[in-house]
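What follows is a single structure, and I will ask about it in a moment.
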Amino acid sequence: MANVFPKWVNTIPIKVIVAIVLIKTAVVLGVTYYATPKYTRVGYAPTQPVAFSHALHAGQLEIDCRYCHTYVDRSEHSNVPTTQVCMTCHSMVRKDDPILAPVRDSYESGEPIPWVRIHKTPDYVYFNHSVHVNRGISCMECHGSVQEMDVVQHTKSFSMGFCLECHRNPEEYIRPPEEVYNLDWERPDTEEFKKEAVDFVHDWKVNPPQSCSGCHR
Amino acid sequence: MATTTQDSSMDATQAALLAKVQPIELHEQPLVTNNRDFNWVTDKICRIVETKTPTWWWICMAVALMTASFTGLGLLWLVSSGVGVWGLANPINWGWAIVNFVFWIGIGHAGTLISAVLCLLKQGWRTSINRAAEAMTIFAVVCAGIFPLFHVGRVWFAWWLFPIPNSNMIWPQFRSPLEWDVFAVSTYGTVSVLFWYMGMIPDLGVLRDRAVQRLNKGVYEGGSAIANKIAEGMDHFRKNFYAILAMGWRNAGNHWRNYEMAYLVLAGLSTPLVLSVHTIVSFDFALAVLPGWHTTIFPPYFVAGAIFSGFGMVLTLMLPLRALYGLHDLITQRHIDNMCKICLGTGSIVGYAYIMEFFIAWYGANPYESFAFINRAFGQYWWAYVMMFSCNVFTPQLFWFKKVRENAALVWIMSIFINVGMWFERFVITVTSLANDFLPTSWGYYSPTMVDILTFFGTFGLFSVLFLLFLRFLPLMPIAEVKFVMPEADPHGHHGDEKGDQH
Amino acid sequence: MSSDTINSKGSQVGLIALVVGIVGIVIALFGFKQGWDTGEVRPIMSWLIALGFWLSIAIGMLFLVQIWYVFHARWPTIIRRQCEHFMAAFPYLLVLFLPLLAIPFLHENPGLLWKWMDGHNELPGHGTVAEDPLYAWKSPFLNIQFFAIRAIGIFAVFIGVATLLRKWSFDMDTTGNINNMHNARRLSSLGLFLTAIAMTLGSIDWFKSLEYHWFSTMYGVWFFAACMRAALASIIILTVVLAYKGYLKGILKQAHRYDIACMMLAFTVFWAYISFSQYFLIYSANIPEETFWYNIREKNFDGGLNSWWWVSMGLIFGHFLTPFLLLLWYKTKVVIWRTVGVSIWILSFHLLDLYWNIIPGKLVAPDHGAGYLVRQFSVSIYDLAALVGIGGICIFAMCRSMKKAEPIPIRDPNILTSINYTE
Amino acid sequence: MTEKYGIIASFPDTPSFFHAAEKVRDAGYKKWDTYSSFPVHGMPEAQGQARSKVPVFTFLGGITGFTVGLLMVWWMNAYDYPLIIRGQPFFSPVFPFPIMYELTILLAAFGTLGGMFITNLLPQHYSPLFNSDQFLEVSGDRLVIAIEARDGQYDVVATRQFLEEIGGTDIEEVSA
């Protein structure tokens, strides 16, 4: 016998084709779902040095975002509050609660509380908070429903696509400026509102950049 | 196709005319000399991969690997530190990287030209050099691809160049010539591999059958017991390796019919492809509004230059191979003559383009354009221009002389000159235009760094490694096609005495 | 039919061609004279277009013959001889070029056709030619004396190379001296460069310099592509006619036609490649000093599309896409009437291509100063007359040459390969 | 080893091989083929085979490539993510032409190779013919004609005799 391979080998090509199609589909779907950055940071919820609950402060007590993140509407940067800000209340409220011990320690020593940063844009991306909140983009568009979180969690992907989605269609995300910090505000699903949003984008000259240099300055 | 053939009935005039036909004998060297037969050809080509690895191969391989490691080191350095390790600085933001890219891509073009264009032109002499030339194409594309790939800086993001969905939700910018390059070069590489592989299928079948025959005979003698065992083991390996790749090729007439058609079609596809690839490479320059780059002759001029440099490289490779493997009966003086003449032709076309550029730079009456060209020839890079012009335009003019063409050593040296000259051409185009652009305050002078030099130098090693592997494991020449041009393969006898309708 | 009858038939056709040619030329010259007297250049352009058309065919054939020699192509041996016959037209074409050359020397406005030849000519929005700094810069090249010298030189190359190739080829029929072939091959390798340079200069002088502000390094290559297509299409028509009624009956095989058609396909692609590249590079660089050449072939001064836009579209779809798609198809390359049809199609669009290159180049400066008027596409009776006239003379020259030599090169070493050629 | 694949016969030189093929064709056999290590000029006609269908696959591949290129370029650069570059139009057939062109060629080439495999029914790594030692010599210089048992006209004796008559030597029955 001089055949190098047995007869059944002749059926391999068709099997290989089928296998390739199946494997390729699986790989493509898998990579798309699990391995693209869209899914990598979502769900990130580190334990903070102090078990600060946004659900309690922003949700139940309805403290305005700007009370703690003071400069969000005036600066490109939204600051993390200093210990002093905490102590404005907590020097009186729950002043002996053991949970707040790190806050008091920090206040006494002058060393800031080592909060763990959750939301980050890469250093090659320019992001300005004030521009967004002053033109009707609410905090929760990026940070999610913070007022419901006991532990703050990364809920949006912060991929470039996420930014672009809004930059391409701002009217679908924009809200009246007075409602920006109203985390419980619901977007009316009416034609009238949609028109308003479009007009707002036009009248306030909301012109989100889509070119590379808009963000990668 | 009886219906489509023109009225084949001849009347007396034509018969009388044909009776007068009395061709003069023209003694032409056959493409396979010394009256070799089919088996000799098969044996000669197959034994290159079937015999024990020669010592010189190991030596060459070691040297080539060492050289290739320079590219590895250079790239490692680049990736770990950033593109700044290359000698790129404003205003010369394109330096050796693009020069080397265009240089290597150009080298590749001869392979496609020989396999495709000469096939369409029915040039029988292509057969004994086309396989090696195609291999050269593929390896040259590999070497070429390295440079733009690593020039992007963050090489792990290079896949963004392809239209694959990603979380940035952006797509490649198809209005950019650099993006066209991605498509052109990857298409070129892929199609070249397809063409190369398909051409090899019948030969792989031959290698398979020979391994099977040897194993069937089962006689392994002539060496020590271990050497014989190794030889047998290698044949087992060959049997399986070639059998898998040959895809069950059986040399059937039906196979050949479809294969020949596919080959012809692929040749027909590769011809516009090879034109388009270097055209698109030329667009990298010509689309920019920079004096010395924006000129409409760039596309055909680049293509001619590419073919020119490619044939230079074919000569550089084939002449030593011919000597090492004793292939004088297959790569004859006629082959060398023809290649020299193509070098002469394309070199002269390149010369035409140089002159036309200069003339139109003047005729166009644009002061920037005129300056760019005067500056090229007489500015701070005059030495590069002299190298380019003398190597590319004057060197091939020596090929007018039969004496020169018959001196293999001289031809080999000249082929190296051609390679050098063509590298300098790309250097002149890239660097001189960038160095002296519209803003004299920012004029600069480009010097490569050590990393540049090592990376480029190493690609010759990489190329040699790949080529040596090819030599060792794949058939160097298309056996079937060499047989096809031999007189014995003519189904009508080979005396040319039959006239009239053959069907 | 004996060879005498062939000859007599050939003379007959030649005579008819001569008569038709003279009639055509007389009509065309009448138009020329009118243009000369009135200063209206359009009938003179008819002459230039027709001359360009027939010249491009002859130049293409000259190239082909030399390429075949250089590549030592065997199959076209029987076709080569027909090209050699057609190349006899070059001296006649030189004579027919003289009326154009007479304009700068004899006319009161030397720049009647090529406007740079007269400093008084008005440029749209630029003043006159004499005031034009671009002309001043180019005048060492673009001046009447040098133009005339170049024209003579260009024709000298064409005529010289063609005459020698014809002589050696015909000589081999009788003497059977192989040196003729070696000579022809040697001359061809050199001749290709000479012809290329002559052709480039011709295209620059006669076509490109109509609008002398514009420049493109590719222009010579464009004309080369155009010549090759015209020549291949003409060869198909010529050989099929000869095989139908003339001496190639039964000798011209399907394989020959197939290969010529393949070359025609290749050069169709090449023409498109060259034309597209030229357009593309100018379009994307978007520099006004280059783009205006395409602009006037698309728009009027007021921005509206003009007739040339339609012609441009016609060229894209008619000169490239249609023949390209048709020629991809095997049947088109072998079924006679289809191949001939495509050839005629290509020749017609080649003519249109020449119109497109020549006519809009002469912009008209309107009386009111700013802007320009584009000379629109039109076909006149003089176009037809010049085309038929010059063509008649060329065919007469060819028929006359056919009597001088065997119909096929009977002693050529490759003649049998060519006769027995199969696909 | 009872099933038979067919009969093979060898021929001494290309002309006799070629003419034998013509004779097999004229005898009306359908399931048969010639085997030689190089393509013989004019053999498809001598075997009575039609023109190869490979170009159809090429054409399909090319059309697919062009369409995909066109749609891709339009969708990505003009519809999904329009971006202003150098004041150029978002979509024009001119700028992305190289992309469409390259894709046309790429897919046409794949179509051609695939077409060659499909029309030849390859890959088919096993074939009864490889069982014959004689057949393996086709790779060298042997020229073989094989008539298969599936042919309607096949008859062990008559076919063998026919092959002998047309000049075949080394006639051998190959088992399936």
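Read from first to last, the chains carry the letters A, B, C and D; within each, the first residue is number 1.
Following the convention adopted for this analysis, contacts are C-beta pairs under 8 Å (C-beta built on N, C-alpha and C of every residue); 3 or more make two chains touch, one makes a residue touch a chain.
This one's a predicted model, so the numbers in the text were calculated from it and none came from an experiment.
Distance from subunit D peaks, on a Cα-centroid basis, for A. Of the two interfaces, A-D and C-D, the higher number of touching C-beta pairs belongs to A-D.
Chain geometry summary: the mean Cα position of subunit A and that of subunit D are 58 Å apart.
Spacing of subunit C relative to subunit D, judged by their CA centroids, is 43 angstrom. Centroids of subunit B and subunit D (each the mean of its C-alpha atoms) stand 27 Å apart. As a whole-number value, the distance joining the C-alpha centres of subunit A and subunit C reads 68 Å. Among the residues of subunit B, those in touch with two or more other chains are 169-170, 212-213, 216, 243, 248, 272, 283, 502-503. Multi-chain contact residues of subunit A, defined as those touching 2 or more other chains: 2, 4-5, 10, 164. Counting partner chains per residue, subunit D has residues 41-42, 51, 55, 81, 83, 88, 95, 123-127, 130, 133, 136 touching two or more of them. Inter-chain contacts occur between A-B, A-D, B-C, B-D, C-D. Those residues of subunit D that touch subunit B in the shared complex are 13-15, 17-19, 21, 33-47, 49, 51-55, 58, 72-73, 76-77, 80-81, 83, 85-86, 88, 95-96, 98-99, 101-103, 105-106, 108-110, 112-113, 115-117, 119-120, 122-127, 129-130, 133, 136-141. Interface residues of subunit A, counted against subunit D in their complex, comprise 1-10, 12-13, 164, 210-211. Against subunit D, the residues of subunit C that register as touching in their complex are 276, 280, 283-284, 328, 330, 422.
Contact residues of subunit B toward subunit D in the complex are 37-39, 42, 163, 169-176, 179-180, 183-184, 187, 190-191, 194-195, 197-198, 202, 205-206, 209-210, 212-213, 216, 243-244, 247-262, 265-266, 269-270, 272-273, 276, 280, 283, 479-481, 483-484, 488-493, 502-503. Subunit D meets subunit C in the complex at residues 41-42, 51, 55, 59, 88, 94-95, 97.
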